[in-house]
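Presented below is the structure to which this report refers.
Per-chain numbering from 1; labels A, B, C, D and E assigned in written order.
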C-alpha cells in the first residue's frame, strides 16, 4: 500500500457493564463495540455511518481513550514509531492527546456556558506548554480567524453565538493543539440544513490547510458521502462494510447497506427508486442475535447466517478495495466471479 | 371542494417573558383532501406553531391575533376554528375526531403511566359512545393494522416497553383511531433512525391511500418532501414564502431561499464532486426580525425595496405555485 | 389572690374534669419513684403510703397517736424507740401490715441507693447496723419485734430519729424481698406499687396520666373521691399553668414564680406561699487549685465582698417579684435561727474596700458553675455577673452537665490542705433540708460532698455539738453558735430562701388551716377532704 | 414485586447495622453515664466506691465499649431490646405505650399535609399566575418560615386559652376510650404539625404539577379532545403524584423531628417526648432503641416510597 | 383591581407587551438572570427585608445605645417606650438591642452552617459525581447513613455529646447537613458530566481537579447558591427549635432562638407581648425573606422555568 497508515484498530471491543447498584456486580454487558478492525490512512476522511446506538460514538471515544477498551489494540503511528494507545502510561498519553482531537455534536453543550471562549480554550493550551497569556490570546485569535470568526469573539460567552458559530468554535478548539487526527462525532447533525453546509465546507477547507485526517461519524449518508474518501458502515457494534465512498454507493454489497441507502429520502424530485423497508427494530446490543447480527432483518437470510458470524473479507471491486462481512456477498462473489478476493483486513 | 383546511393570513404571537414574539406573521395555506402537504423550513420558523394554531393547542401565553383557520367539514359546513375557545366543546370534538395529530418525539408524547391500550381506548371513548371492550378490540385491530407484532400482548404494555418506532406506530394508531379527516404530523420521524423512518413513511402512505386522510407533514428534510409530498409549503421566519405542488416548487424554486436551501444540502449519490453552497449569515433573532422581507439580509437578490414590507403572495403563471418575493422572476430566470 | 388582669375568665379547653376527682400533677412518667429518697416530693408518695408517726406542719413529730403506729415512745437518753403498730392496717393488696414489714423495710432500705440521707443516718445509728451493712449479720440486731411492738435500740445518738419515722414509708416485704437492692427503683413493683396509704393505684397510663382511688380498707376511713395525676416532674411542671387554666389542676405546688404570676387572677385557683427549708447559695471552693495556686475565694474578705456587692433585695424583687427572701445563713428565718446575724446589706463601697484589703487581683476571673438549665438561673447569673463587675470582680459562668457527682462533689485527697478535686470557684446550688442537720453536717472535715471547704477544728466542733443531743433546745443553741460562725466566715455564700407556692382550687374542702412544706409528709388528712362540684 | 421488596429490605440491613454502631458509639461519648443521671448527684456522691461499682456492674457499665456494644447487639438480635435504665421498664413496653400516640399524631399530620398540600399545589399549578396562586405561594412561604414551636404556642394561646375551643394538651383523659373522644386532643397538635408541613408539600406538588403540565404528553392528551379537567387530573395529577409521594417519604425525618417539638409543646405522650427525656438522662438503651426505631422508620418509609413509586410509575424497573 | 375575566386580563397584558414591543420601549437588561430575579416581586420584597434586617444587625451599635447584656434591675419588663423601643426583658436588658445583637449570632450560625455544609458537600459532591466508581459509591453510602437519621434526632444526640455552644451548634449542623448538599452537588455534576465541553477537556487530558472544580463547578453555582440561602433559613429555624428544647446555644447568649425561648411561659406569652412577638416576627420575617430570595434565585437560575 502506498498510503501511510495512521491508526490501526485490532479487534477493539468495548463492553459496558449493566448493573443495578454502584456496588453490586455486573450481570450483563452492552456490547457497544464488538470486535472492530480498521485502518485509517494519513490524510483521508473515513466516514462512519450506522443507526443510532450501533456504537459509533463509543468507538470514537475509545480511540480517544475516554473509554478504556475492553479488549483489542489501538495502534497509533507516531513520528518515532507505532505504539498501542491502550497500553500507554498516563504521562505518555499526553503525547497522544496532542495528536487526536474530537468535535462534538451538540452545539449547546459543547462549550462551557459560564466561561468565555478564551477561558474555555486557554487551559488546554496551558497544559500543552503555552505559558504566556499573550501568546494564548494570539493563538486563540488565529484559531477563530481560521474558522471564519472574528478575533474579538474570544471574550464572549457561548450564549451569544448561534449554533453554527458554536460548532465552529468547537472545531477551533479541536485544532488548537494542532492534532493530526480529528474525530468528528455527528459534527453537523444538530445543525439546520442551511448552516450544515457552512460547517461541512469549513471542515473540508481545514483538512486541506492543516493536513488533517478525519474520522467522520454520522448517520446521514448524504453528508458522509459528500465528505468522505472511504465509508465504514456499522451495525450493532461491528463494521459490516467498508469501501471507497463512490463504490459503496454504486456497488453495495451488504444487504444492510443496501437497505440503509434505499431508506434515505433523496432531495431530488426526479430521483425515483425502489424503497427497501427493513422489518423490525435494531436488536439490543445487550444480547445481539446469533450468527450474523443482521440476519433477523435480512431478506436474504440463509441458514448459515443464523449460526455463523461472517468474516470481514476484502475484495477488489472495480479496482478499489472493498471490505464486507456477509455470507451472501461471499457466495455471490464466488458464484458470479464478479470480484476477486484480496484477503482479510 | 378539495380543501379541507384553509388558513388565511394567520398571525400567532407569543408573549412569554414579557416579550412579544411574532412567531407566525401572516401564514396562508390550504390542506387538500387526501393529499399530503409538506411544510419545510429551518428550526424555529414556525412550523409547529402553525400546527398548534390549527389544533388550538397553543400555550397560555400566546394568542391568535389575526387571520382565520377554517375547517371544511364533510357536510360542507365551515367551522371557524380561530373563533372557537381553546378548550371549548366544539374544539374538543374536532380534535382527535376530525383532526388528529402526532408529535415529533414518541418518547415523550405518550403518557408513561398508562398502557398503550388504555391511551388508545381513552381516545376512542372520548369521541364515541362504545363500551370499553369494543374500544379495546378496536384498539387491538388498529395496532395490528399499524404492523405492531404480537399486538395482543403489546396492547397492555407501557410506552417504555416499546421501541421508538413502535411508539410512533402506536401514536399513529391512536391518531387514526377515530378516522380523522386530517392528520397533522409534526416531524414524526426526526427522532427515529432512517430505516425506521422508512417504515413510518410507508405506513403513512398506506393510510393516505386507504382512508383518504389529508396529511400535513412537518419536516425540515428536503428529502422527505421529495419523496412524500403532493404539495409543499416552504416557511421562513413565520411566513410561507413559497408553496405549490411538489413538482412546481422543487423543480422550479422561485424564492431565493428555497433555491439556496436546495443548493445547500448534499444529495445522496452525487458524492464528493457535488458543490454545496451554504446560505449566508444566520437566522435572525425572533425578537429582532427584519422589517420587510424576512430573508432580505441573507439574500443574494437583495434590493432596497425588500426592506419595506413583506412581499405579497403572488401566483406564478396562474398556477397553484405561490411565492412571496418581489424579484422572483429574476430568480426563476437564473435557475 | 386575684389582682389585675381585669378578671378575664380563662377556662381553657373543652375537657371537662371528671366528676369527684382531684386533679394534681407530679404523676409518674415512667415509674413511681420509690418513697425513700424524696419522701414527699410527689403527691402519690404522700397518699399511697402511710408513715409510722405524724409530723405537724413544722415537721415536728406529733406526740401520742401515730399513723401506722398506734403509739410510740422515745427513751430519755434518746437511745430507745418503741412503736406499737395498729392492728387494723393493711397493704393495698389486702394483706395486713406486720412489724416484720417495718423491720424489713428499715434493713432493706439501708442497702438501696435511693435512701434519704436523714433516714440513712438514723438507721446507721441503730445497734448492729454496721455489722449488718458489712455483711456480718443477716439483720440488724437492734430492731426487735414483740407482738405488735417494734423496739429500736440506738448505738449512738440519732438526732433525727423521730423525724425519720414521720417520713419513712414502710414497704411490703412480700413484694420486694427478692429484688436486688441496687435495682430496687427499677423493680416491677414501682410500675404499680402496693402501699399502705388512703389511696391506691387504680389506672396507670405511663407518661399520660394515673388515677388513684380510695383504699376501702384504710384504717381511718377511705376517701370519697378519686385522684387524677398528670405527669411531669415535681416542682417544675411546664404544663402547670395550662392545666390550671384548663381546670385540670386542683392541688399542686411550684417554686416557679412565673407560674405563680400566670395563675394570678385565674378564677377558682388559690395560691398560698409556704416557707420551707430551701436555701439557694453559692458553694465557695476554698481549696487550693490543682496547680497549687491559692483559691481566689480562700480569703474570707473576698467572700464577704461578694456578699456586699450583691443587691439581693433588688435582684429578688426583679426576678422573683419579691417572692424569695434574702438569705444571711443556710438556716431560713424562724425559731431555729439566731438573731443579730450580719445581713450583708448592699454596700459596694465596703465590698471594694474589703477587696482592696484582700489584695484582690482584678484580672482574676471567677469560674462560676450552675447545673439548673432553666432561664431564671441564667438570668440570675447574668445579674450577678453585672453586680460583681461593678466592684471589680470578673466572673464567667457555665452550665455543668454530665457526671455531676464527680464534677462537683469529688473530695480532695487531703481534706484539710487540698488541692481541690473540683474545678469551680463558685457553684450555684441549693440545699433543701428535711432536718437542720442536713444543712451543716456536710461541712465536716472529709464529709461526703464537702468538696470545697477545708476542714477546720473549730467548724468540726461546732457541727459536732449539734449532733450531741436530742433535746430540741440544746440542739437549737448549738445551731445558733454554728450560724454565727457561718455568718462571719461565709464558708458558703447564702443567697436567698425560696418559698414554695401551694396551688389549690376552690373545689377542695377540708384542707388543713396551716399548710406545711408540701414536699414532706405532715398530717394533712387528705382522706378526709371532700370535693365541691 | 415480592423480589423487589425483599431486595430493598435486605439492602436496609447492613445500613441499620452500621447505624447501630454509630449511635452506640456516639452515646458512649456523652458525658456521664446512666448511673450518673440515674441519681441525684448529691446522693450519688454519698455512695461508697463499692456501692457505686455494684451499681455500675448492675448496669453493665464496667465492660469495654466493644464488649458492651456486641452484648447489646446480641440481645437486640434475640428480640430483647433491653430496659430503660432509669425505670427498668422494658424498652419495648415503653415503645409499645408511646408509639401509637406518635403514629397517630404523625399520621394525622402526614395526612393533612399530603392531602391539603397536593390539592392546593395542584390548584396553584393549574391556576398558575392567578391571584389565588399568588396568595397560596405567599401563604406557603410564610408557612415554612414560622418556627414550628412558635406556631404551636400561639395556637395554644388562641384556640385553647383565649377561645377555649380545644384542650391545651395531652392525648387522653380518664373515661376517654375511643378515638372519636380523643380527636379533640389530636386536632390542635396535628393541625400545627400538619400545617407547618403542608407548605412544603404544596410547593413541591405545584412544581411537580407544573413540570408535568409542560410535558409533551399533556399536549397529546389535549390533542385527543378530552376535557380539560381530565387532562389535569388523569394525565397531569396522576403523573405528578409520584414525585409528591417521594417527597412525602423524604419528609418523614422532618415529621419525626417536628413531632419531638410538637409533642413537647402539647404534652403528647409519644416517642418524641420519650426520646427527649431519655437523651437528657443518658438513658442509653432507650435512646439507642428509639433512635434506631426512627432510623428504621425512615428507611422503611423510603423503601415503601420505592415500592409505591414502582407501583405508580411503570417505568421503574421492578427486577434487575 | 379590575373585574375582567382572567382571559381578558391576560389579553390586556398581551396588548401592553405588544405595544411596547412595537415601539421598542422595553428595557433590555444584559443579564437575564438578574432581570428575572428582580422582576419577581416577592424576591424584591424578600431582598429588601433581608437587607434591612441584616444591616440592622450588623450596624447594631449605631442603632441602639444599649448593650444587649447590660442588666438593669431598675427597668424590668418595661413595655415599649421611647427609652426602650421594644421594651426590656425580665432582667432589664433592652430587647431591641438583644434582637439586633442576637440576630448577628443567629444569622452567623445559620449562614455559617449553610456555608460549611455547602463547602464540604460541594467539595465532596463534585469530585464524587465527576469521578464515580468506588469512591463515589462509598461517599454516597456515608451520606445515606447521615441522611437516614432524622436530623433533629441526630442533632439532639450530638448536642448532648459535644455540649452546647455556638460553634458546636455550627459544627453539628454541618455534620448533619452536609449530606443533602453532597447529594445535590453530586447530582448536578452528574447531570453535566456527559456534557460535551467536559468530554472535550478530558480529551485534552486535563487534570481531574481542574476539570471538576474550575470548569464544572461554576456551572452548578446557581443551585448551590439557592441551597445556601434556603439552608441558612432552615438552620436559623433549627437553632430556634433547639433553643426551644433547651439544647441550643447556652441560654445566656442572645440569639433569636434564646430570646424567644426566654419568653416561653404562658404568663409572658399573655402579658409581655414585647418579649416574644417582635422577635418571633423578626425570625419569621427574616427566614421568609431568605426563602423569597432563594426561591427567586432558583427561578432565575433555572433555565426551564418560564414566564
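Some points to look at:
FYI, contacts are C-beta pairs under 8 Å (C-beta built on N, C-alpha and C of every residue); 3 or more make two chains touch, one makes a residue touch a chain.
For reference, the UniProt names are A, B = ABC transporter ATP-binding protein; D, E = ABC transporter permease.
The model shown is predicted, which means the values in this text are computed figures rather than measured ones.
Common neighbours of chain C and chain D (ABC transporter permease) under the contact rule above are E. On a Cα centroid basis, the chain most remote from chain A in this structure is C. More C-beta pairs in contact connect the chains of B-D than those of the other pair, out of B-D and B-E. The distance from the centre of chain A to the centre of chain C, each centre being the mean of the chain's C-alpha atoms, comes to 90 Å.
Each chain gets a centre from the mean of its Cα atoms; for chain D (ABC transporter permease) and chain E (ABC transporter permease), those two points are 23 Å apart. Chain centres here are Cα means. That of chain A falls 49 Å from that of chain E (ABC transporter permease).
Chain geometry summary: the mean Cα position of chain B and that of chain C are 92 Å apart.
For chain B, the set of residues that touch two or more other chains comprises 60.
Residue positions of chain C with contacts to 2 or more other chains are 242, 245, 401. Multi-chain contact residues of chain E (ABC transporter permease), defined as those touching 2 or more other chains: 141, 160, 163, 264, 266, 270, 306-307.
On chain B, the positions that touch chain A within their shared complex are 42-43, 149, 163-166, 193-199, 201-202, 220-228, 246-247, 250-251, 260-262, 264-272, 274, 276-279, 282-283. Residue ranges on chain D (ABC transporter permease) touching chain C, taken from their complex, read 30-33, 36, 38-47, 51, 54-55, 58, 83-89, 94, 97-98, 156, 160-162, 164-175, 184, 267, 269, 273-274, 277. Across the interface of their complex, chain C is touched by residues 69-71, 73-74, 76, 90-92, 160, 163-164, 246, 250-252, 261-262, 264-268, 270 of chain E (ABC transporter permease). Every residue of chain B that touches chain E (ABC transporter permease) in the complex is listed here, in rising order: 13, 15-20, 60-61, 63, 287.
Listing the residues of chain C that touch chain D (ABC transporter permease) in their complex gives 10-15, 18, 21, 29-31, 37, 113-114, 117, 180, 182-183, 185-188, 190-191, 203, 205-209, 211, 228, 230-231, 239, 242-243, 245-246, 371, 401-406, 408-410, 448-449.
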